[in-house]
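Both complexes shown next keep chain A, but they swap its partner, so chain B is in the first and chain C is in the second.
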Partner chain A sequence: MGSEEESAVKEPLDLIRLSLDERIYVKLRHDRELRGKLHAYDQHLNMILGDVEEIVTSVEIDDETYEEIVRTTRRTIPFLFVRGDGVILVSPPLRTA
Partner chain B sequence: WTSFSIMSGATEKSSTTTKTPADFLKSIRGRPVVVKLNSGVDYRGILACLDGYMNIAMEQTEEYVNGQLKNKYGDAFIRGNNVLYISTSKRTLGDGA
Partner chain C sequence: MVIPGVQLFFSYFKDLVGREVTVELKNDLAIRGTLHSVDQYLNIKLENTRVVDQDKYPHMVKPNSFFYFFPPSRLSVRNCFIRGSVVRYVQLPPEGVDVELLHDATRREARGG
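Entry: the complex of A and B
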């Protein structure tokens, strides 16, 4: 890692630290999204989230009409450990939520 | 790979230089960039910072799936293992090309 560079330069992980104890949006692999409160994280982007909503998106294609049917499945989880290797993107919550 | 040649199309540089990838990463902070992920999704925004793992922090980020604008994020942190490439662009705000 570039930690030997000037200490004034911030790493992306430093900026995630600003979101601690805030609600965040997480995009995961396999068409999953999470919204919850960030309690902890590490350099692998393992995270502890509280009061989480998980949204799973699946797209079916109708055999006859070939139209795409987009379904979302939601569930809520009070306390969740997220393994970092599934994380794609982390952001403050979207306003359109 | 230890080095690559940069051909300029950008406005500031007007010569061909050979730099290491680390030099490139240092030089592009604050610029509008295109980040393409392994999944094919495109993110365009202003690069805030990045590290040697290609973890990325961006501002004013737009997400393009199949060329279509899907989402906008005020700040976005992208886990480096998902990144296929980071490219500079002459993008201005609102330019969807």
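Entry: the complex of A and C
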């Protein structure tokens, strides 16, 4: 691959390669979401993220009204290795400017 | 020996041996301990382990009938082997993350793999 093609998106993983050192959004199995800076990844989508915010969404049913109560739990982690088999999707940073 | 495409995180974790990490499993159990060793499947052996949220996961700490008279601290799992496939996250020590090194290794692996 020539250097002028380094930035081309030819296969899906290229999109992730271009997100290195950028903040990305990762959706995981079991209603988990991560936002963090991508520092490393491999072809399994194992990743190392920095300054990570994890959001866990859970739905509880109210005992009396049977209403669904959606709860989100947030926490931040400085550096996190994420095993790729839990990954559903990876989205590059939103370019708002 | 470095085989491109399979070794990035294996090598990374090998360099992390001896440091404190928190391994979060897919069943929500979180175990903190010293990384003793790792293999190509990212199976992990931890030493001096403790369960992070003991109230939530008493089965790792509390005595069963046989060990009833031992204090819980004696009974917790002290060393363990964790199958790589049950890991969800590993919380890494900030001093064990060289961002530039990771970027370079990732780009190299992306080309080779």
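Operating definition for what follows: the second predicted complex is superposed on the first by the 83 of 97 C-alpha atoms of A that agree within 3 Å, B and C clash if a C-alpha of one lies under 4 Å from a C-alpha of the other, contacts with A are read in each partner's own complex, and residues count from 1 in each chain.
Assume contacts are C-beta pairs under 8 Å (C-beta built on N, C-alpha and C of every residue); 3 or more make two chains touch, one makes a residue touch a chain.
All values derive from a computational prediction rather than experimental measurement.
J.: Could you check whether chain B and chain C clash or fit when both are placed on chain A?
T.: Result for chain B and chain C: fit.
J.: Once the structures are superposed on A, label A:Ile55 by its partner contacts, choosing first (chain B), second (chain C), both or neither.
T.: Touch status of A:Ile55: no partner.
J.: So in the superposed three-chain picture, is A:Val82 touching just chain B, just chain C, both, or none of them (first/second/both/neither)?
T.: A:Val82 contacts chain C only, not chain B.
J.: Is A:Leu45 in contact with chain B, with chain C, with both, or with neither (first, second, both, neither)?
T.: Only chain B is touched by A:Leu45; chain C is not.
J.: Give one of first, second, both or neither to describe whether A:Leu13 is in contact with chain B, with chain C, with both, or with none.
T.: The answer is both, since A:Leu13 touches chain B and chain C.
J.: What is the contact status of A:Ser91 with respect to chain B (first) and chain C (second): first, second, both, or neither?
T.: After superposing on A, A:Ser91 lies in contact with chain B but is clear of chain C.
J.: Once the structures are superposed on A, label A:Asp21 by its partner contacts, choosing first (chain B), second (chain C), both or neither.
T.: In the superposed model, A:Asp21 contacts chain C only, not chain B.
J.: Just the number, please: smallest Cα separation between chain B and chain C in the overlaid arrangement, in Å.
T.: Comparing every C-alpha of chain B with every C-alpha of chain C, the smallest gap is 14 Å.
J.: Can you give me the overlap between the chain B contact set and the chain C contact set on chain A?
T.: Comparing the two interfaces on chain A, one with chain B and one with chain C, the shared residues are 1, 13, 85.
J.: Going by the contact rule at the top, pick out the chain A residues touching chain C in the complex.
T.: 1, 13, 17, 20-21, 28, 39-43, 46, 48, 50, 77-83, 85-86
J.: Where on chain C does chain A make contact in their complex?
T.: Result: residues 5-6, 8-9, 12, 26, 42, 84-85, 87-94, 96-97, 99, 102-103, 105-107, 109-111, 113 of chain C touch chain A.
J.: Using the touch definition from the top, list the residues of chain A that touch chain B in their complex.
T.: Result: residues 1-2, 9-13, 15-16, 25, 29, 45, 84-85, 87-92, 94 of chain A touch chain B.
J.: Taking the touch rule as given, give the residues of chain B at its contact with chain A in the complex, in rising order.
T.: Residues of chain B touching chain A: 22, 37, 39, 43, 48-53, 55-57, 61, 71-79, 81-82.
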